[in-house]
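Quick heads-up: structures coming right below.
Here chain A shows up in two complexes: once beside chain B, once beside chain C.
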Partner chain A sequence: MNAYNFAYLDEQTKRMIRRAILKGLAIPGYQVPFASREMPMPYGWGTGGVQVTAATLTPDDTFKVIDQGADDTTNAVSIRKFFERTAGVATTEDTGKATIIQTRHRIPETPLTEGQILVYQVPIPEPLRFLEPSEVETRKMHSLEEYGLMHVKLYEDISKHGAIATSYAYPVKVEDRYVMDPSPIPKFDNPKLSNCPAIQLFGAGREQRIYALPPYTRVVSLDFEDHPFDPSKADHCCDLCGSGESYLDEVIVDDDGGRMFVCSDTDYCRARRAAGHMGAQGVPYEEGAA
Partner chain B sequence: MYVAVKGGERAIDNAHAWLAEERRGDPTVPELSIAQIREQLALAVNRVMAEGSLYDPDLAALAIKQSRGDMIEAIFLIRAYRTTLPRLGHSEPVNTDAMTCDRRISATFKDAPGGQVLGPTFDYTHRLLDFKLAADGETPEPPVAEPRDEETPHISGFLGREGLIQDEIQSDETPRDLTREPLELPASRALRLQALSRGDEGFILGMAYSTQRGYGRNHPFVGELRIGTVAVEMDIPELGFAIEIGEMTLTECETVNQFTGSKTEPPQFTRGYGLVFGQSERKAISMALVDRALRWKELGEDDAGVPAQDEEFVLYHSDNIQATGFLEHIKLPHYVDFQSELELIRRLRKEAAAGRQAQEAAE
Partner chain C sequence: MRAETLSGGFDDAPVDAAHAFRAAMSVMACPGRIEQIAGATPPPPLSVAAGTLILTLCDPETPLHLAKGHDTPEIRDWITFHTGAPFVARSKAMFALGDWAALLPLADYPIGTPEYPDRSTTLIVEVEALSARGATLRGPGIEDTATLSLPEVAALQANAAQFPLGLDFFFTAGAQIAALPRTTTLEAS
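Now for the complex of A and B:
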């Protein structure tokens, strides 16, 4: 792979992306247009995140990739391999050891720290898109801070269902200015967006947008005084590590539809089991075992 | 007990190995060479070059071989490769007046300087399977004529001289580059034409067809369709003048569209324009129709509210690499999102059931 530049993209392209990132950091929550390139993986599979990672990665970085919270899902494996090949950087599954974490659909359970960068893969960066299909219109709405449509939608949810019927990609407001799509993370993760010590970067390749949250940015999930935001999750504990705090995946374990609940964050679950925690169906942790 | 699935890595490697085996097919059947694909599947090669936005028949042929004949996958390979190429400079605009035409037809004039030249076209073939081709593809020597030396003038030029066709705005401004800058709306016509030229053939065809069926009808005639080679010239700063660095095959289509005038424009003919790499005439004609439909504002026409007039709709959905990627990404795991939906539906159902019970008890 020596025929390719460090982290695949040429330096000119990286510079263009870094400028967009810096602009994004300067205007938290604002969607910065950038000249997204065709990457060797399909649009919709994390090309925005991959380009942001390529532009921020240095040879000294330690890189982690998660998809659905897990390090070993197929697309996470594929993206990790891509940067192992094209950048030769060290990789890890340990959230605490990573300097750059690329993620799809989750924020790690282990709190992030200063010096870390969390890169989100974003399919549709526009929080107003499903209320207004035209990009020309939604950009105008953002510039005029015209978010009434969103509040009407949330209100209609409450009047119809008694609750806001958005469970992931739950819209947030950044520093009292821009309404932002936090990417399709479960709303359980939304509180972690706010006042986070790490830099959070969002890349949408196909839609050619980058946006960002600098460290310690105030991020508020949209709600109403009488219907406050509720970051719900499955009412269970992890069956492997016993955690009652983590976001859980539901797994069907037999033909009769028997279920178990396990942490979606595989590194968090592994670390807890290594530390001796055990859930209802757990077995004592062994190094190297699944 | 459930064991978290590990082994995504091995599964991927094995899937790739299987894919390679399937690509090769039965090993007792001779393997396709790049030259065979380039020479004998030339129209496929042309489409990959056009929508891949990279004029290189050998690479396009390689991409077709590697993608097992999946055209969009081949276009994707070319696009991803294109990303890694440095931008050395740009050519002078190609001069299609000086095209060495293999094919040149006009549907608006029975004859014109340069003549009607059918060239290698399927148009008047009867679409009967040629079973002889299954056994033996050798062809007899075709008749040969003397090539014309003089340039073939554009048909629209003859209409222009009479002032019957709208004058295009001349500009020496360097158009923006769709592949280097994010698409922002409203887009200039140059930018729209770039997007259409690399857009999905099927999508552009569908859009063009919709205008013919009444969704933004614009009465097109094929004023001219020409296919042939043009010289590509580039200005070399050290030399101080442009030199020819190669040649390429292009398909160019100019439609002449009836136009009865609007509030701002007098009655005259107007144009749609299509220009595509290689011999890609379905694409070039489609492009011209869609281009014309998108010009409604500039010509002061009414907004009929049809898809082909909607610049944002057409430009945001014409790129098949964007479309296929986003479409196919729903194959990726979504269990986190789905889990949150499961919780929501369960809760709403529980609340609805509780509400019903309370109501029944009250009655």
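Now for the complex of A and C:
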């Protein structure tokens, strides 16, 4: 690891990212442009999150990475190993022990606490992008607080499907000012964005944007009085740990249509099984067993 | 060139700057919080906290304004040697450094544009001391309310009223740092 500067990036790059993070925290929900660097991984693999993490890490941190809730998927393992090698930081899978958590598309089930930092990997930071392709226009719309188009989109969902069909990357309004893309987290996670004791940082590498939510920031999911926001999830309990509270993945287990629902947050599920909870298809927990 | 100009930088730049940034980020995210920040030994009257913050955030890409009292050859040389930040007038400044009275009036600094509210000055205000006694703070980053000693309330209230435009502030005293982003609303004690 001596061949790298601490946390891979050079100091001038980190300063540039740090300045963007500070302005992001000062204007919650506003997308700050930054000069995103080439990282040793492809766009779409979390280059924005990795740069934010690299600018935020200290050697005293304990680092956790999740990909759709799981600590053991390729993306999560690669990024964890990247910072083990380039920053020499301690790593963990335990949400409660981590000081910085980099996440792709989930917020951990275990409530976050003061002093923790959650870094999101963001593919498309602009919530209005699929409605208006021009950056000049969307910037103007944010500056004028002109968000009618977003409500039209949600209304069209209702007129076509009878309900708001947007199930992930569900748009939110921050402190009554900026409409923000919460990254493609399931809308089930949206309520956890608001009034969260942890600092939440969002990094979009390809799109070169950083934005942030300070702790205890008011974040409201857009909705209508007669169609209130509904943070839905699969109507099942986890088949491994029996939790009825957590967000579930549906897993196909054979060729005959057999399926099971399991917690998407692997650390949460493991901790519950270790504590003796068992779901419909669960087996007693054994330390070290898969 | 004076020998003091060359000394007083970070011993281990990546690690010292990382710790210093975390302190700066923590106070900006939680207005009213006071943290320790150290690592640099700048020439007087620059405080340890302000000097450390400048080494952490400033480089040749960040035009810096030195207010009267801090615009000395010693401080200029030290900042130039360690960061390379160009010195500019208030209207061009990305950062401004000085005592509260010397930094006024706030109307001289860029507050950003409606499309790019981030293009505003961050003021580093040197104060005598920082304490949790003073104006009442409300806003993002604060669970209920916080209190912080501030040099003045009216000008900072006027700044907050410009949101999403406006200036952001760091307050430094000795090795202590606190911050006040434009989102915080204030009530005099």
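FYI, the second predicted complex is superposed on the first by the 289 of 290 C-alpha atoms of A that agree within 3 Å, B and C clash if a C-alpha of one lies under 4 Å from a C-alpha of the other, contacts with A are read in each partner's own complex, and residues count from 1 in each chain.
Operating definition for what follows: a residue touches a chain if its C-beta (ideal position, glycine included) is under 8 Å from a C-beta of that chain, and two chains touch if they have at least 3 such contacts.
Keep in mind it's a predicted model, so treat the numbers as computed, not measured.
A.B. asks: Chain B versus chain C on the shared chain A, clash or fit?
C.D. replies: Chain B and chain C fit side by side in the superposed model.
A.B. asks: For A:Val251 in the superposed arrangement: first (chain B), second (chain C), both or neither?
C.D. replies: In the superposed model, A:Val251 contacts chain B only, not chain C.
A.B. asks: Pick one for A:Met39: touches chain B only (first), chain C only (second), both, or neither.
C.D. replies: first
A.B. asks: Which partner does A:Pro214 reach: the first (chain B), the second (chain C), both, or neither?
C.D. replies: In the superposition, A:Pro214 contacts chain C only.
A.B. asks: When the two structures are overlaid on chain A, which partner does A:Asp72 contact: first (chain B), second (chain C), both, or neither?
C.D. replies: first
A.B. asks: Once both structures are overlaid, what angle do chain B and chain C make about chain A, taking C-alpha centres and a multiple of 10 degrees?
C.D. replies: 80
A.B. asks: Looking at A:Thr56, would you say it contacts chain B, chain C, both, or neither? Reply first, second, both or neither.
C.D. replies: second
A.B. asks: One more residue to check, A:Pro184. First (chain B), second (chain C), both or neither?
C.D. replies: First partner only.
A.B. asks: On the superposed three-chain arrangement, identify whether chain B or chain C touches more chain A residues.
C.D. replies: B
A.B. asks: Under the stated touch criterion, which partner chain does A:Ser134 make contact with: chain B (first), chain C (second), both, or neither?
C.D. replies: A:Ser134: touches chain B, not chain C.
A.B. asks: Between chain B and chain C, once the two complexes are placed on the common chain, what is the minimum CA to CA distance in Å?
C.D. replies: In this superposition, no C-alpha atom of chain B lies closer than 10 Å to one of chain C.
A.B. asks: Following superposition on chain A, which residues of chain A contact chain B and also contact chain C?
C.D. replies: In chain A, residues 5, 33 are touched by chain B and also by chain C.
A.B. asks: Looking at the complex, which residues from chain A come into contact with chain B?
C.D. replies: 4-5, 8-10, 13, 33-40, 42-45, 47, 67-70, 72-78, 81, 104-106, 123, 134-136, 161-163, 165, 167-169, 184-188, 206, 208, 232-234, 239-240, 247-251, 253, 260, 262, 264, 266, 269, 281, 283, 290
A.B. asks: What residues on chain C touch chain A, complex-wise?
C.D. replies: Counting only chain C, the residues touching chain A are 13-15, 17-19, 21-22, 24-26, 28-30, 56-59, 61-62, 113-118, 120, 122, 140-143, 163-164, 168, 181-183.
A.B. asks: Under the touch definition given earlier, write down the residues of chain B that touch chain A in their complex.
C.D. replies: 1-9, 11-12, 76, 79-80, 82-84, 86, 179-186, 312, 316, 321-322, 324-329, 332-337, 339-344, 347-348, 351
A.B. asks: Touching chain C in the complex: which residues of chain A?
C.D. replies: Those in contact with chain C are residues 5-7, 11-12, 14-16, 18-28, 30, 32-33, 55-60, 139-140, 142-144, 175, 177-178, 197, 199, 212-218.
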